[in-house]
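Sending over a structure as structure tokens; questions will come in a sec.
Chains here go by letter, A, B, C, D, E and F, matching the order in which they are written, and residues are numbered from 1 within each.
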């Protein structure tokens, strides 16, 4: 009952509804188009805003409280490709490159899904560790590196670290704009603390939810354009796109509970583990695993897993965490 | 006396003054230039913001209170071209296409003029039906369709619905970004209601007036570049650009009063009827009536009628509504 | 002691730290890139916001209180190139054009440095004349005109006002977007006053500090890309880039105190005099003194003087003003 | 192989792309531009007055069709310029 | 007909357009670009370092004038590249 | 002199510029574009699907190297088109 109510309240929030509007705009072939500059600007804004807020939260909680769950989150991110990859190879009969690419996307994380989850928790007045943004920041890179190594043949010994495209992938995973802005803003937030926050709150906090809604309008259009590709990716990836978040999300909730996070914090770790990247991973993977078909990973991440998480996944992981900690 | 004061307070508001600054920038050939991406972003922002706010207002008022005046507004929009077109043909000796194009612009509406009018009402503490945005949304399309039909020879039987360019016009009038964002955001606002508004108020409400001022700076530049065209459009269109808003505005005020709107609401319907579109109409009309000279319609709408409405028209329609309902 | 604390508080503010992040992004060759449209938008926003706020302050203080210090500021701006130019010619052995170009940059002013200074004063609760923006506005142009004249050979009589490129420089110095937006918004603010401010505060004030932080992220990237040029500009310009702000800043503080400004106001005049332009001057100078190497002026202004002012210069000028007025 | 370049009002983009496809082109490249011409200045800041430049690599026969159709259907009524030049492509069978 | 392409510092745009008009061109097309050359890298994020590409279709004689004037008046002092190629246009009398 | 034009996925820009430099080009010009081709539509609104167009003026021998390396290293795996044409440049020794 409560679960249904939670889903409902999640569905009727501006970000989700603007996502639906974006899908409609794409499907109906409206002439609505976001300029590229707006998309990058929204990305830059969202990443610096959550990074900065997370940093302030870390400063308040103290690094001592953060490092253990952050380390656990990071390890989880790096491990996910290790079971995702063989599953895609064996069950999905996908190529090495495609399996590595998809594994990289699913081990990495989606910032927007994370924000939607914090909104959900706030809307039902569920407290959570607000330094959880740190998990988001440290989970972006490891899976990309591991996934690319697998996709390049690490298991069959074909892979070498000195490979030029591997160097590109490493640099992108570590210095790519996503990671740089998140971690950079987080460090700035940690250094500035509450006092710095007071000065920039009117920009990084006040309009945040509305900016997110606008961003999701655009994401809806991008996802809507990919709906036609659903047929191309086949039934296996469709099932994978829903099973993977459930499995990874459960693992995240379990791990979160185990390292001592609250119900809210464990939910967030579940959401992160269950989410798939579509900002950091695609560029790094495209450059280093060019044989992989980006249609597979992007369509699965953006047109299947993202909508699933934002509607059903978030409340699901929350109910799991509640159950586990009751 | 009061009328003069009302005009004055309207003239000394940031949006109007930024419009003037924009005109100056264009006329003085300053190197100030807005990037295209900024203009689209401002448009997207303003349309979603007023749509969303309107939707929340509709939810609060109940659809029962809205449908009748909205229907009246829609019909008025569709009717305006029916007298504007023959006037332009007979009195202005304009071609079929030009007459249809201008009629479409003047039957459709200007969102920015509407916002300026709500600002004016707020500044003099005059209450109004805040669901009036619904009128704005439903008045965008009908006149475009009717105007294009007339311009394509509907009166002389030359016109057919299966015409390819007519299909383009219909799609643009109904799925064009203006209508899509306005109606889409309105529906989202209706679904989310007050609670959704609370979460996005810091984006859709707090900075709204300032964003409008910035937008008008750009509109001023666009209008300023058209000032040179005033000579080309001739005296007839100059007179038309001031007569049309007065006539249509009066009709709107009358109709609004008749369907039971308050002084504020009737003023707004007057402003909508009296305003001419320069966002939705130009693209749809250009594609479907290519023989029409866009200089005529755009210069009249943007460089004559828009400044007239924003300075004199709004207080005029307000005084009319007050007189009528006193 | 206090001086150290002031520097520290200045260093740990979001704008300064985001600047550092930008430098890091450029130096580490991250793929972070701001779209051009975002940079222009931020510039337009910052200039209109400070102009408007300054105008409201002028209206509150009355033009009578503003004109004298503003005139003094303007004259100071025009004089600075007169000693900077010979110093660059004689001591730096730079060409006529290069000396004129650099003199123009250092006589003109940096809006962002000015804002950082007002932030600094606010953070230590030091009051200042809030109409000081007027100084910023009037100090942009004179030095550009004087510097260009010097660079074109005014001293050796080679120069003529009817020169085509001189006309370009004059127009750019007076109608360039920087000056136009600043002065335009200031006049609008003066006309609207407090009441106009109330309506647009949510846009021009609330998010201002955060927008500044974002802008400095971009400035950091631009400065970071110039770090490599530090070697090219040579030791002399390095020393000049730190000496000039100290000398000019001291002159500004003295002059400010002399015309009756408070400690805060004298600090701001010092900061303006000590700052070097990198928005208005570069374009005007490039067009009118093409023989000048822009690497010299831009690198000195942006990669040496700007970071110096924002970290050490601002607190230094403040301590000077305090000492002088105690 | 021929490179056909078309500069026209931005709102025509979709329609011209359709025309190119019908004429036998297998791809195209486009980007926003501004400019001036017989119909006056066209500024890029608002989409109503912006231009777009389309470039398409096609076989000579397709180039003929494209130019003929542009001339017949759009040249009279819209701000527009089109021209053709020779290019050497890799993988000519692709076009 | 000749297509003259000019890549130069963005702040020169107005001045080059003036030069083109004086040389006898009846229109032009322009758009922002970035790049690198003898004068180093030119990034598009701030207008001070951005480039612009101008394209203009003109009669061969006008092309000569344009290139000669560019060489004489601007090449020494600004980051700039210009080249010319042959194109076949519809309605040649327009240019 | 030859003008080589390359249209490819935006994320490849840095890598292609590197390749051009290695092949002997002394500069390049680039700008964002969108389009369609064998690998489907490429929209410019998000950088993941955006294209970039690179233009480079080089000596004929360098053009050969560039096209050969593009064909060998990138054509199989990425959305990409490249072509070459003749241009007449001012100051040919610059390229």
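Quick note on the criterion: a residue touches a chain if its C-beta (ideal position, glycine included) is under 8 Å from a C-beta of that chain, and two chains touch if they have at least 3 such contacts.
Labels paired with UniProt names: A, B, C = Sodium-dependent bicarbonate transport family permease; D, E, F = Transcriptional regulator.
Remember, predicted model here, so these are calculated numbers, not experimental data.
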{"item": "Any chain that touches chain F (Transcriptional regulator) and chain A", "value": "none"}
{"item": "Chain B to chain E (Transcriptional regulator), fewest steps along touching chains", "value": "2"}
{"item": "Interface composition of copies chain A and chain C: same or different, split at half", "value": "different"}
{"item": "More contacts between chains, B-C or B-D", "value": "B-C"}
{"item": "Far-end chain from chain B, centres as C-alpha averages", "value": "F"}
{"item": "From chain A, the most remote chain by mean C-alpha position", "value": "E"}
{"item": "Fitted rotation between chain D (Transcriptional regulator) and its twin chain E (Transcriptional regulator) in degrees, CA, nearest 5", "value": "120"}
{"item": "Centre distance in Å when chain E (Transcriptional regulator) and chain F (Transcriptional regulator) are each reduced to the mean of their C-alpha atoms", "value": "20"}
{"item": "Centre-of-Cα separation between chain E (Transcriptional regulator) and chain A, whole angstrom", "value": "45"}
{"item": "Overlap residues in chain B, where contacts from two or more other chains coincide", "value": "31, 33-37, 40-41, 206-207, 283"}
{"item": "Set of chain D (Transcriptional regulator) residues in contact with two or more other chains", "value": "31-32, 44, 85-86"}
{"item": "Interchain contacts (touch definition) - all pairs", "value": "A-B, A-C, A-F, B-C, B-D, C-E, D-E, D-F, E-F"}
{"item": "Partner chain B, residues of chain C touching it in the complex", "value": "35-37, 40-41, 44-45, 48, 52, 172, 175-177, 180-181, 184-185, 188, 191-192, 196, 199-204, 206-207, 283"}
{"item": "In the complex, chain F (Transcriptional regulator) residues that touch chain A", "value": "9, 11-12, 15, 32, 41, 43-50, 77-78"}
{"item": "Residues of chain D (Transcriptional regulator) defined as touching chain E (Transcriptional regulator) within the complex", "value": "5, 7, 31-38, 44, 51, 53, 67, 70-71, 75, 81-86"}
{"item": "Contact set on chain C toward chain E (Transcriptional regulator) in their complex", "value": "33-36, 39-40, 168, 218, 221-222, 225, 278, 282-283, 286-287, 290-291, 294, 298"}
{"item": "Residue numbers on chain A that touch chain B, as the complex places them", "value": "12-14, 17-18, 21, 24-25, 28-38, 41, 119, 123, 205-211, 213-214, 217"}
